[in-house]
Each structure stands twice: as C-alpha cells, then as structure tokens.
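Presented sequentially are two complexes of chain A, the first with chain B as partner and the second with chain C.
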Partner chain A sequence: MDDQVVLRVSNLRVGFATEDHGMLVAVDGLSFDLRAGETLGLVGESGCGKSVTALSLLRLLPQPLGKILSGEILIKTKDGWEDIVRLPANQLSRIRGARISMIFQEPMTALNPVHTIGRQIFESFRLHFPEMSDKDILMKSLELLEDVGIPSPEKRIHEFPHQLSGGMRQRVVIAIALSADPDILVADEPTTALDVTIQAQILDLMLALQKKRGMSILLITHDLGVVAQMCQRTLVMYAGRLAEARDTRSLFKDPRHPYTKGLLHSIPRLGSVRKTLLPTIEGSVPALKDLLRGCRFQSRCPLVTERCREEIPEVQIKQDQNLACWNRGFHD
Partner chain B sequence: MTEILRVENLIKYFPVHGGFWGREIGRVHAVNDVSFSLKSSETLGIVGESGCGKSTLGRTLLRLYEADSGKVYFKNQNLLDLSKRDLRQMRRDFQMIFQDPNESLNSRQTVESILSEPLEIHGVGDRQSRKEVVKSLLAKVGLPESAGIRYPHEFSGGQRQRIGIARAIALSPSLIVCDEPVSALDVSIQSQVLNLLLKLQSEMQLSYIFIAHNLAVVRHISDRVAVMYLGEIVEITDADSIYSQPLHPYTKALISAVPTPDPSHTTERIVLKGDVPSPFDPPFGCAFHPRCPHAVDQCKREKPVMRDFNGHQVACHLAETL
Partner chain C sequence: MTSYILKRLFWIVPTFLGITLIVFAITRFVPGGPLEQVLMRGALMGAEGGKNIKMDASSGGAALSNEQLASLKAYYGFDRPWYQSYVLWLGKVLTFDLGRSTRYNEPVGALIWSKLPISTYYGILTMLITYLICIPLGIWKAIRHNSFFDYISSILVFIGYSLPAYVVAIILLVVFASNLEWFPLGGFTSSDFSEYTFFSKIIDLIEHSVLPLTAYVLGSFAMMTFLMKNTLMENLSADYVRTAIAKGVSFRKAVFSHAVRNSLIPMATHFGQNISVILTGSFLIEKIFNIDGLGLLGYESLVERDYPVVMGTLVVSSILFLIGNILSDFAVALVDPRIQFK
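For the complex of A and B:
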C-alpha cells in the first residue's frame, strides 16, 4: 500500500433498516484513500451518502437502524493497519478522537449547553490523557483555545456555548476535536451554518491548523466553491455511489462524469452573464426506495444508453482517479 | 420604466424586554432608515449576513410586520397608511415566497386547495374556473396536472418550492418578495428554480425583491443589488458594478469571502476580524468601523450618509479614497 495513505475505505456498503422498505442501501460500494496531510473533498447533494460515509468512519451511525453491511475502513496506527468496521465496541475509543476526529455542521448541537466551554474541553483531555494533572489540562486547554483563535481564552473557558457566536462555537468544537491530536479530521459541512465572512475565517483556521499539525482532512460539503478553494482531491457522490474522484483542478477544468459536469455548469458564478437561463440537471435525485437497477444517474443523464439502465457502471481507475460512467472515459 | 415601489426612511425596531418586571429595556433596530426604489419588471437583490435585517425588511415592506416609521409607496400609494380592509384588497398585487416550503405550505391541504385559496379569498371566478386556473398555474411552474390532488409532503424540496411560487403568482401580482427562495435547495435544483423565476418574470412582467445571502445567486438574478449591514443599506447600485467596482469596504470583504468554484482562482481573501456586532447595541458612528480594515477616527465619530456617485450609492466616509 502507498505509504502516504492514512485511511483506506474499500467497498463500503452502509444500510438503514426501514419498516416499509426493508434495508435501504445509503452508501454502495464506495472506495477511496485519504493521504497524509491532504484535504479530500466529498461532495454531493442531500441524500448522496456523504454524511453517512463520515459517520461510518467513526462508527457513529444511528443505532440500531444504521449498519455497515460490508467493506473495510482501514486506518494506519503505530501497530499497523486496523479495520474500524471490525473493531470491537470497547476498542473504538482508542480510534475516536485520538486517531480520527469529527466536527459537525451545527456547533450548537455538538456542544453541551449546560456545561462551560472549559469543562467540555477538560472532559476531552481527561478521557484521552487520564494521567494528566488538572493544572496541565487547564494549561493545554488555554493553549488550544488560543490556537483556534479564541480571544482571551482565560475568560472564555468560564462561558457557556450560548454566550458565544456561531463562528466562536465552531472554533470551540474544532478545539475539542483536536484535543487528542488526531491524524485525521472529518469535517461534515463545518461552515454551512455560518455567514460567508465567518466561513472564510473558519476555512483559514482549518488550513492553518492542518499546516501546523500535518493532519489529513476529509471535508464534506455541498459547496463547490469551498471544495475548489480547500481540497487537493475531490470525490463526487451521487445517490450513494461514487461518480468521479479526481484531483480538484482537473475535476473543475474537465469534469468527466455527466453529473459532475451538470453540477458545475448549473451554479451561477460571479462572472457569468446575468439574467440568462442557467444550464440545469432536469429532474431530482431518486429516493433510496425508488432506485432502479443500473446507473443511478440514468433518469437525469443526457448521455443515457440501454446499458446504463441494465448494469451498474464499472469504476474506471487511472492512477488515483476514479470514474463511474459507461459513456465517458478519462480521454474522449 | 415606471417606478413600482419607493421606500423612504423605513424603520422597524423590535422592543427588548428584560428585568424582573419585563419592562422594555431597549430596542433592536432591525431595519434602520432604509430607502430605495424599484422599477417595474426589475429585480432588486438584497444581500447581507444573518441578522442584518434583510428578511425583516422584506416582511415590513408587505406589512407582515408593522413599520415604526417611514413610507412604502407601492404604485404611488403609501401602504403604511392603508386601512386593514384596503390593505387586504391591495395584497393581491404583492406576494411573498418563503425560504422553507415545508413550513410555508399547509401539510393538511392538497396542492389544489393551497393554490385556489388565494383565488377564493379574493373572490376570483367560480369553483369550475378556479379549477382551470389551478391547472394552468401547475403547468406554468412545471408541475404535472396530477399534482393537484396530492399533499405537500409527497413532493421533493424543489417541487414544493414550485408550489410556493405557483401560490404567489395565482393572483397575477406585480411585485413578489422572495425571501431566500433557493437557500434550502440542492445545487442542481437551485438552478431550476432560478430559471423558473426568470421565466415568470419575463412572462408576467413581475418585479422582484430578491433576498438572499448567496452573492453569486443574487447577482445572477438581479438588476440592482443592495448590501445591508446591521439594519442599514450600505451600498446600492446595478448588479454588475457591485461586483466589478464595489465601493464599500464591507461589500469588498463580502465578495472576496465567497469561495469561487474554480481551483485556479487565487485572489487574496479579505478576512474580516470578529463577528457582526449585536444589533441591540450597534457601534457608534459607522456601524462597520470595528471590523473595517480602513477605519479612521471620523468613522468612529460620525455616521456616514448615503452619497451618490453616478447612480452608485454608498455610505462610507472613505468611498473616494479606497
């Protein structure tokens, strides 16, 4: 295996048990690698399986409905590779927070409203470093809050989440996520709930922290602008499957999958001609219970053929690029 | 083109109660001395961050909130002077589209009854002709005729927004206030709804007030754009100039903060320090001065007035020098 790889997901299938429709497969046969120090974007629209993928990486799927049906999630540790999917529940705390950590869209729901900021960071340090003294934890906490750009941290640790603005709360969540110095940060729509000027601050902070700590980031977002500015490589998902995974520059310059292409063309840009009709992808994403066999994009695809309706597109691989389409290749 | 809407010095504040007796302890100036005008068949975009008062402005214009002072001339009639009864008559001529179609559509009504309700209230046609109108409304917004007998929850988010749009155009209004109409929608659905709004505008000569936080979306659909900060309009001009030659430092920062969907694009982002101050206790002088990278002493003392540079209006002491 490439020694730059820190996380390898292969053939991941995740399902949700439903009363009316049996097991619905939300992520189907997803494979990707995350390398040391890189930011990998995971993009797609609601219901494409990007958040389910993120939750699976930490085994945080809602129980008892969500289940990893098959596949592997290999993570590099100092004792070699470990498969998160097969890890016994009592071993998970060794991975969560310490090797791989997660931040969420809505910082208010990620924080406990009845405890002070200081106490919540303290808790995280206590859990991961039981031998550390209270005094050391306090010092470490202040240092960490300073790192994530919270002004006068010695005052802030006595405050409650509701006393902070949205941007400050997200900084606190990031501080907690980084307390045990993880190798991988999974960020699920970390700036979606924030205003653009605050979003810019948080994105800058994430880049600075990544540089300082050398961690890898899996950035999940629906915002193609954020992906373009943050990620070296990007993976596009559609209805639970991979559509295309490439380095971000080639993906934006020359999208190969008809879905990626449609998506990139449909966003209004600051330089486009105003008040003209935008190119669209007709129709909408199929519900998981109504999936047809074959390619999941078939009902909206301009290039659809008989084969797309019959067979799931094989994933074409060229170096570290992936493409799942019967009608398009890397060169045509 | 004729002017359809003229707003003069509109003010809307919300009282803040506190203390043991729940007395009024202050006021939040959600909309503070806002003036602008809108021509017929034009779109005015209103952008700003959360809490800047853009949604309150939209609602106050249509008297969903009662203004505290100012004038709103709609077709030369001051809406704020109208009696409840006259206002109801006028309402058929201005409508609203909301952000969340899940909350703005009654989940217990069929689509047909949602769409014919405004017609009934304003006594348009009889039962049979209303059915025909509903049919043509559905066709206009790109929904199948069979949609009429279904309920809102049976539709996707994009389709529900189409229902909301159909309801807004049912009475053939001249003005529609669109409050974040595409923010809750997926990227591929956003463009469908924007196209629909553009199509309806040219077919029905609609005027739009388009409120949104996404600058690229606002620029695309608008003829003119107003930027709001802490309840005030700080800059207003045509949609091209606001992006190519923004004059207000806040507008500049806002535009540079939008992540461009192009990895080879690497202009320097102006990252503003700090958060938007509380509208309960806005800074003295220019409301933007604590975050402004160019602020001078004058900005802390004096509130800048709106000045006009060839139709490009901006409220900044330093507009010429920056």
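For the complex of A and C:
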C-alpha cells in the first residue's frame, strides 16, 4: 500500500433499514484513499450519500437503522492497519477522537447546552490522555482555544454554548475534534450553517491548523467554491456511487463525467451574459427506493446509451484518478 | 437574582387574594351552609319532640328565636355582608389566626398543624419514591427502546395509569390487607403505637405505609416515567450526543453524563406542582386507608360545611402551590444553565 495513504475506503456499501422499502442502499461500492496531509473534497447534492459516508468512517450511523453492509475502512495506526468496519464497539473509542475526528454541520446543536465549553474539551483530554493532570489539561485546553482563534479563552472556557455565536461554537467544535491530535479530520459541511464571512474564517482556520498539525481532511460539501479553495483532490458522488475522483485542478478545468460537467456549468460566473438562464441539470436525483439498473445518472444524462441502462459503469482508473462512465474516458 | 425572587414573591400576593376571594364568596352563596344546617336540625328536633318548644309567631314558624338566630349568625360570621367578612377573615389570616372550626370548636390552625406531619410524611415519601423509580426506569426504557422489557414495562405502567388511585387503593386493601393479611387495614400507626419500642415503631409505620404509598406512587408514575423516557430518547438523538461519541465517549457515558442531565429539565418543571398536590394529599386515598391527613380534613370540612377549616386548608394548599412554582423555577435553573433569573 502507498506509504502516503492514511485511510483507505474500499467497496463501502451502507444501507438503511426501512419499513416500507426494506434495505435501501445509500452508499454503493464507494472506494477512495485519503493521503497524509491532503484535503480531499467529497461533493454531491443532498442525499447522494456524502454525509452517510462521513458518518460511516466513525461508525456514527444512526442506530439501529443504519448499517455498513460490506466493504472495508482501513485506518493507519501505530500498530498497522485497522479495519473500522470490523472493530468491536468497545474498541471504537480508541479510534474516535484519537485517530479520526469529526466536525459537524450544525454548530448550534453540536455542543451540549448544559455543560461549559471547558468541560466539553476536558472530557476529550481525560479520555485520550488519562495520565494528564488537571492543570495540564486546563493549560492544553486554553492553548487549543487560542489556536482555533477564540479571544480571551480563559474567560470563554467557563461559558456555556449559548453564550457564544455560531462561528465561535464551530471553533469550539473544531477545538474538541483536534484535542487528541487526530491524523484525520472529517468535516461534514462545516460552514453550511454559517454566514459567508464566518465561512471564510473557518475555512482559513482549518487550512492553518492543517498546516500546523499535518493532518488529513475529508471535506464534505456541496459548495464547489469551497472545494476549489480547499481541496487538492475531489471526489464527486451521485446517488450513492462515485462519479469522478480527480485532482481538483483538472476536475475543474476538464470535467469528464457528464454529471460533473453539469455541476460546473451551473455555477454562475462573473463573465457570463447577464439575465440569461443559468444552465441546470434536467430532472432530479432518483429516490433510493426507485433506482434503476445500470448507471444511476442515466435519467438525466445527455450522453445516455443502451449500455448505460443495462450495466453499472466500470470504474476507470488512471493513477489516482477514477471515473465511472461508459461514454467518457480520460482522453477523449 | 434577588430581584427575581422578590418579584415572584410579590406576585404570590394577588394570586393568593384571588384564590381565597373566589372560594370565600362561593362559601357564602352555596346553599346548605352551616346556618341552614343548624336550622334544619332544629326543625327536625322540633318536629320530633315538639312539645317542649314553644312556637314563636314572630320567627315565621322557625324553631329558633330571632335572638338565637342572630347569635348563630354571629357565631358563623354571617352577620355581615360577605365582603366585610372576607376582609375581617383576611385580617385574621395575616396574624396567623385562621379562626375556629365550627365543627370541632378548635382553632383551625392547630387542627391543620396536627394533620400536617402525616400528609408531609406521605407527600415527601411519595415524591421521593416516584422520582427514584421513574427516572431510572425512564432511562432504562429509553436505552432499551422497543425491547421486550420496554413493552412489558409500558403495559404495566399503562395499566397502573388507567386505574384511578382509589381503585388501586381498594384493590390493594382487599388483596393484601384483607385476604392475605400482610399489611394492616388502615390508619397511620397502630392504636398502641406509643407503647412500642423505637424499632417496632418504625416497623409499624412502614407496615402501615406500604399500601397507601403504592396507591399514591402509581398515580404519578406513568406520566413521570414516560416524560423521562421520551425526553431522553429525544436527547439521545441530539447532535451533541453524536459529538460526544465522535470524540470517543462511550455510549453509556454519553447517556449518563450528557443526555440524562438535559432530560431532567422537563422533569424539574413538574417538581413544584408535585409538591403542592402531594403534600395536601388525596382525600380518597386517606379515606380508604383511614389516614387522618390534610386531604381527609379538607374533604370532610367541605361536606360538613365547616367553612373556617375549608378556608384554612385552602390557605395552606394555595401557599404551597405558589411556593412550589417558585421552587420549580429554581429546580429548572439548577439543571439548565441557560436559565437566568432577571
């Protein structure tokens, strides 16, 4: 295995048990690598399975409905590779927070409203560094809050979440996620709930912290602007499957998958003619319960052929690039 | 904080005036009052042994003379318009004088005071047991939602809830006191209680308490259990529990150190209401188990039109209720730091 890889997801299938439609597969056969120190973007529209993928990485799927059906999630630890999918539940807390951490979309509800900021950070230190003294924990926590850009942390540490703004809360959530110095940070739409100026600050903060700590980030977003700014590589998902995974620069310059192409075309540009309709992708994402055979993008694809309706597109691999389309290759 | 308490205490005054004024007025306008009862008794006696009582033409055929009537009116305080009497009564209440019982001819205050320990004993124990059972049971049911245990306990809790407390009390009495003879039939203690040693006193008290307490607890049981279960389940699916688990906290610890405390907030809001309801007791349970508490006193005084006692128990229960509400606020503030007194 590539030395640089810190997380390898292969053939991940995640399903949800439903009463009316049985097991619905939300993520189907997804594979990707995350390398040390890189930021990988995971994009796609609502319901394409990107958040489910993120939650699967920490085995945080809503219980008892969500289930990892098959596949592997290998994470690099000191003692070699461990498969998160097969880890017994009592071993998970060794991985969660310590090796792989997560920050969430909704900073307003991600913190416990009845515990102080300090207590919620201390908890993480106590869990992962039981030998640390209370004094050290306090010092480390203040340092961490300072790192995530919280002014006068010695005061804030005694405050409750409701006394902080949304942006400040997200900083605290980031501080908690980083407290045990994880190798991987999974960020599930970390800026979606924040206003635009705060978004930029939080993204800058994540970049700065990544530089300082050398961690890898899996950034889940539907905002292509964020992807362009943050990610070295980008994975595009559609209806639970991979569409295209490339380095961000070539993805934006020369999208191969018809879906990616459609997505990029629908971004308004400063240079475009005013007051014309923005191009869109016709149709809408099929619901998980009525997925068709073959390629999942077939109903909206301008290049659709008979083969697309029959067979699932094979994933073409060129170095670290992936493309799942019958009609497009890397060079045509 | 201080100004908040003062404000809340201040608002007790108009609420208290409102409650007592309405009830006082009702006692004056409802037929069958003490005066009429005396007159009726007099009329009955007159009809039975009539020869000794001379009929007085000026009293309109009644058994009593005008002077007697006037002195009776004065005795019951009906010699003035009701609003004057109310002001007089209120004035006395402010000096802690609740008047005299027309039935026992004893000071109402002393009467209530003598029943208070019994009601407080049952009230506090009921509340403690209810919380001690309902909170853990609710937690357990939330964690094991949809399990066999959850279903069975729900069925039992709902059976208990659908039976009125007095029905439960009668069933308990028939089965465990009358048929099985495990527990005494009623009363607060045995009649020769004062001769017992300390330990047998305690055992005697417990023996007498088991059945009434069961009846009391079953009443408030279902609501508290399900309140706890439902709020905890809601909190378990909250984002902050997921955050806690994501940082490596075990599920068990996430439940107890994160979700439970948040789930206690709605429980705390019920605290004050429970205090007043429970401390003043349930007259039906007291009646069935022959416990001489406040509930029974209030009920009997109402039936017998012993209005000074009616008003006296009302004063006690409404003050408990109003203070209970303030205590509720404090309980909520204790578990929820977002609440601030301003």
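Definition applied: the second predicted complex is superposed on the first by the 331 of 332 C-alpha atoms of A that agree within 3 Å, B and C clash if a C-alpha of one lies under 4 Å from a C-alpha of the other, contacts with A are read in each partner's own complex, and residues count from 1 in each chain.
The rule we apply is simple: a residue touches a chain if its C-beta (ideal position, glycine included) is under 8 Å from a C-beta of that chain, and two chains touch if they have at least 3 such contacts.
Being a predicted model, the structure only gives us computed values, none of them experimental.
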Partner chain in contact with A:L7 - chain B first, chain C second, else both or neither: neither
Partner chain(s) touched by A:P113 [first = chain B, second = chain C, both, neither]: second
Chain B versus chain C as contact partner of A:L219, first or second or both or neither: neither
Which superposed partner A:L40 touches (first chain B, second chain C, both, neither): neither
First (chain B), second (chain C), both or neither touched by A:A243: neither
Chain touching more of chain A, residue-wise (chain B, chain C): B
Doubly contacted residues of chain A, that is, touched by chain B and again by chain C: none
Chain A partner contacts - residues on chain C that touch it in the complex: 237-240, 242-251, 257-258, 261-262, 335-338
Chain A to chain B touching residues, read off their complex: 45-46, 165, 167-168, 195-201, 203-204, 222-230, 248-249, 252-253, 262-264, 266-270, 272, 274-282, 284-285
For the chain B and chain A complex, residues of the former touching the latter: 43, 49-50, 156, 158-159, 186-192, 194-195, 198-199, 213, 215-217, 219-223, 239-240, 243, 253-265, 269, 271-272, 275-276
Touch list for chain A against partner chain C, complex: 58, 60, 62, 89-90, 93-98, 101-102, 104, 106, 109-116, 120, 123-124, 127-128, 160, 162, 173, 176-177, 179-180
